[in-house]
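Everything on this sheet refers to the single structure shown next.
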Amino acid sequence: MTDIEIARQIKLKHINDIAAQLGIGIDQLVHYGKYKAKLPLDLIDEEKVKKSKLVLVTAMSPTPAGEGKTTVSIGLSQGLNRIGKKTCVVLREPSLGPVFGIKGGATGGGYSQVLPMEDINLHFTGDIHAVERAHNLLAALIDNNLQSKKRSLNLDPRQIFFKRVMDMNDRSLRKIVIGMGGTGNGIPRETGFDITVASEVMAILCLSKSIKDLKERLGNIFIGYTMDQQPIYARDLKAQGAMAALLRDAMQPNLVQTLEGYPAIIHGGPFANIAQGTNTVIATKTGLSLADYVVTEAGFGSDLGAENSSISSAKVQAYRPV
Amino acid sequence: MTDIEIARQIKLKHINDIAAQLGIGIDQLVHYGKYKAKLPLDLIDEEKVKKSKLVLVTAMSPTPAGEGKTTVSIGLSQGLNRIGKKTCVVLREPSLGPVFGIKGGATGGGYSQVLPMEDINLHFTGDIHAVERAHNLLAALIDNNLQSKKRSLNLDPRQIFFKRVMDMNDRSLRKIVIGMGGTGNGIPRETGFDITVASEVMAILCLSKSIKDLKERLGNIFIGYTMDQQPIYARDLKAQGAMAALLRDAMQPNLVQTLEGYPAIIHGGPFANIAQGTNTVIATKTGLSLADYVVTEAGFGSDLGAENSSISSAKVQAYRPV
Amino acid sequence: MTDIEIARQIKLKHINDIAAQLGIGIDQLVHYGKYKAKLPLDLIDEEKVKKSKLVLVTAMSPTPAGEGKTTVSIGLSQGLNRIGKKTCVVLREPSLGPVFGIKGGATGGGYSQVLPMEDINLHFTGDIHAVERAHNLLAALIDNNLQSKKRSLNLDPRQIFFKRVMDMNDRSLRKIVIGMGGTGNGIPRETGFDITVASEVMAILCLSKSIKDLKERLGNIFIGYTMDQQPIYARDLKAQGAMAALLRDAMQPNLVQTLEGYPAIIHGGPFANIAQGTNTVIATKTGLSLADYVVTEAGFGSDLGAENSSISSAKVQAYRPV
Amino acid sequence: MTDIEIARQIKLKHINDIAAQLGIGIDQLVHYGKYKAKLPLDLIDEEKVKKSKLVLVTAMSPTPAGEGKTTVSIGLSQGLNRIGKKTCVVLREPSLGPVFGIKGGATGGGYSQVLPMEDINLHFTGDIHAVERAHNLLAALIDNNLQSKKRSLNLDPRQIFFKRVMDMNDRSLRKIVIGMGGTGNGIPRETGFDITVASEVMAILCLSKSIKDLKERLGNIFIGYTMDQQPIYARDLKAQGAMAALLRDAMQPNLVQTLEGYPAIIHGGPFANIAQGTNTVIATKTGLSLADYVVTEAGFGSDLGAENSSISSAKVQAYRPV
């Protein structure tokens, strides 16, 4: 049987029942249909976080049978639950791009899957959409400033390093010229689109501990240089407030279930090639607050994974993107 | 008091209570938190649709006090409910672009608002995100075919008329050159981004009666010409299946409430300047199936509104975009 | 026999002999090989100009046999010479573009040709090359100012209307984006190439009466607008001196011969579609100073030709390009 | 006194007198005014070439006083002439770009100059113009083939490596997008302009021994790849005939004089950074045929200069551009 055939055989539990396993009341859930819910930030209990165990799964490459970090993490959390350990698996959200590409979805395989698979692989609860909107709002503000008569920031159109993002395998957007077509359409310049999970906004979302923290980090995003070689940040455009408003719901972790009906939290997905490659700090802490064991995975190589674990275990003091 | 101050004074009813006013059971709802829900397509009852009354509100321009089509529609539906007529207002979804621009949101004003205002004005239930993804997936497939060694469709890079979309006021994307940077990045060509609500996918979503109908209409999207001047459609790229998968949830109408706690369905929002400028046919029919009176609005001028009403009253046989 | 076969049968006279027909001494000639020479500006005698007769040939379209303005002008001047009238034909220089295109060269046909045909049709004495260099020097100065740290002229990259030129049928250069590739390569902007004969520099060369006049007219070339909508001219870049230096030799009219060995002056070739469409004022005046009759042609339609004749007869007071 | 003041003090000899020093008859000259002439190819005498002495001047960098390869070569040839050795200096033509840039002209300095300086530094006898036209004609043919309905060569627009050239310091043309604006204007693609002396056509002109040899070498210019990764050459576009026609006059070496009135041949100027960095083989051979000693210079470093000398001494069998 294929992964999808296995998944479709399963009768999913209502998300209220999954929440109950973690001691979460129905009223605390923000439902997204019957099988997905967002969790409020106030579930985090810093004392409990310290007491619970965090198991990090990392690896260099999957086995030929396809057993990789995600599959092992899900399987391990299911096994721990079966032997009576209150366990939650905490994972990254899949990007849409690979779903339609060669890599396929990222919800595990065989009997180690998180469900509902199709929802998680497509729009899920809209977190990646929100990251994309917040990111592209900043980009639009940059070009708006550049073309305004006053050009209050004196930006150099050749030295704007903040690109746009789209959650799509669309190589033809990697390198583009924008702002063409005359005075109504901005200033011509070279730029490009990255995939959304490579957005610095995604990396920031995954590291932020609160909306206040989020806003501050968003304000620190480096945009580019002025004609006089002065650095410009998102805060110079007063962009962080509107960006944070767009990310308000996306800050909340998402609760789903494993194939065997145990709780799984899936939240955040920074691109491992260029960023920390692990789920949100909030998700890990929420898991540690609600379960005695959290199984998580990180990296796209064991070395990076181990390094990132120190991030996911919430001990990171600062985040400085290259 | 400003609109937002009025809105914040209100204690919202649970969406279950709103649904109950229309006779919808809790199990039939797809909850998006406590105050929004999607409605299943099988609530439509064609016999009931014929019996209910459809009130169309249209106008050329708002009054100086800001009373326009949306405000009047909401107020009228509230009044009808107060005098004991089982009424549902059915409206378009607002686009994100104008929210951050001069026009502001589109959830009414004063005591004629639909709520929760911020949710509706930002991501809502993700319908516009889904339209954008489906649209841009087709765009990515076009450029992928163009750059492939075989170029099976023999597309002329100068005659591709299907652009990309983004739900953002971002004029610098209106006219761009893509596919630059060498053989890995597609074929250079001129194109641009429209706002998402101007997408033909949005227009199609609003006219489709079923997933099957949706797929067929998506397949009929005209893309451009080959080097031999032959027209190419989305179906030539076999794009409609994946596009429809991305639109599955977006097909379901969204239930919210008016400021006075009466039911409101908000679904679909094609750009009135270039498309039919009215909510989905499914939303209107769902309203007519559940209430005795449906108040809806259309157009961005009374003539266009009246013409569009014939579309929204579901009597349209064919849709042919220019 | 084809035009070229007829031309090759002819034994050309030495240019010294042609000059002698007009009373020009060998020392006054600037030789370009044996069959071409440039004439000094001081041959112009304003008194004689007034006394000589100027015959203007114009027409709407050639006969099916190919007899057009050029052919008639050459033939008429040969006939006048044969009946003893001291006559010089004065014509425009051909552009290289059409030589390799459909239109072919512009040296007449049959027994009404100017020779040496290949030289005249290709580089001739370098006048068009010089116009192109002077024009493109100004273009380079514009982009240099635009990208400099000071941007002393505050030019708006979207409102620079002065393009570049190339004497080539090269449609792919009509609309381009330049200044790409980073800070070393200028500021990105949309522009294009026209054919060299459409250059305003060519139009100016044809109207200028002296180097001083030339410089002043070059300085008046309109370039575009600043970010504050102020107009900018070539003189703001102090470009006119270097441009005039490049045009010094091009100011001198070129002496060649007709197929029957009578004098022909060929000088300047503004694109009739957008400019005055007649040879230089200096050439006409030189002809009128040396011969009793000058036959010239103008326009690419009889109405335009007649209107232009007033220009070529040197009575124009002002020249204002659109 | 500055170089130009020294130059202007000199009363130039007529080019006929310079030619006489080398035993060239007036009828063999192609005059370009009184002080420049082109020399026919049949002056080359292979037997005499073998007997004469070729002195190569090369160096790493000039002295602080500005004495470099050119200055030393001119001075040495003047000295040899003064002590009675029949000597001709043979040099490269200067590019226009540096004349208006920081580097200034390339006609020597002090009392070691070649004259007439301004002519040589600006258009000279049009050789560089001709190289540019021939080069850009090929470029236009490439884009014409690319956009034609048949696309007979199946060229990949991303893999065309033959750029355009312009004899101008114009950095904003280094990296451009062409072919924009719709079906009438070619196919969009990235390309750029090099300076004309960096053209492979210039390198070829300097190595060719005859028009036949020139045509063959021009036909061998590599253009780029097809969509199927097959290499395409200029001969596939049948471009070499028209290109050679444009280069006919440019094949002939140019005779001028040194400041002391001795003969100097100046012909060809390939960009030393990327090509052979020495004058034409024809010019060196013409010098060796007419004088007993030829002083020439090469390279932009002594190592490259020495290596290039083997090229300039006409022993090269093949030329293979990188």
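Lettered A, B, C and D in written order, each chain numbered from 1.
The working rule: a residue touches a chain if its C-beta (ideal position, glycine included) is under 8 Å from a C-beta of that chain, and two chains touch if they have at least 3 such contacts.
Just so it is clear, the model here is predicted, and its values are computed rather than measured.
Q: Give me the chains shared as neighbours by subunit C and subunit D.
A: The common neighbours do not exist; no chain touches both.
Q: Count how many hops through touching chains it takes, at the least, to reach subunit D starting from subunit A.
A: The distance in steps between these two chains is 2.
Q: Please report how many Å separate the Cα centroid of subunit B from that of subunit D, as a whole number.
A: 65
Q: CA centre of subunit A versus CA centre of subunit B: separation in Å?
A: Chain centres of subunit A and subunit B, defined by C-alpha means, are spaced 27 Å apart.
Q: Cα centroid separation between subunit B and subunit C, in whole Å?
A: 60
Q: Among all residues of subunit A, which ones touch two or more of the remaining chains?
A: 177, 180-181, 187, 190, in rising order.
Q: So that we know how the chains sit together, what is the shape of their touch graph: line, ring, star, complete or other?
A: ring
Q: Looking at the whole structure, which two-chain pairs count as touching?
A: A-B, A-C, B-D, C-D
Q: If we count contacts the way the header does, which residues on subunit A are in touch with subunit C in the complex?
A: 149, 151, 156-159, 177, 180-183, 187-190, 227-228
Q: Which positions of subunit D touch subunit C when the two form their complex?
A: Touching subunit C: residues 30-34, 38, 96, 100, 118, 122-123, 126, 129-130, 133, 136-137, 139-140, 143-144, 146-147, 164, 166-181, 184-187, 190, 192, 242, 245-246, 249 of subunit D.
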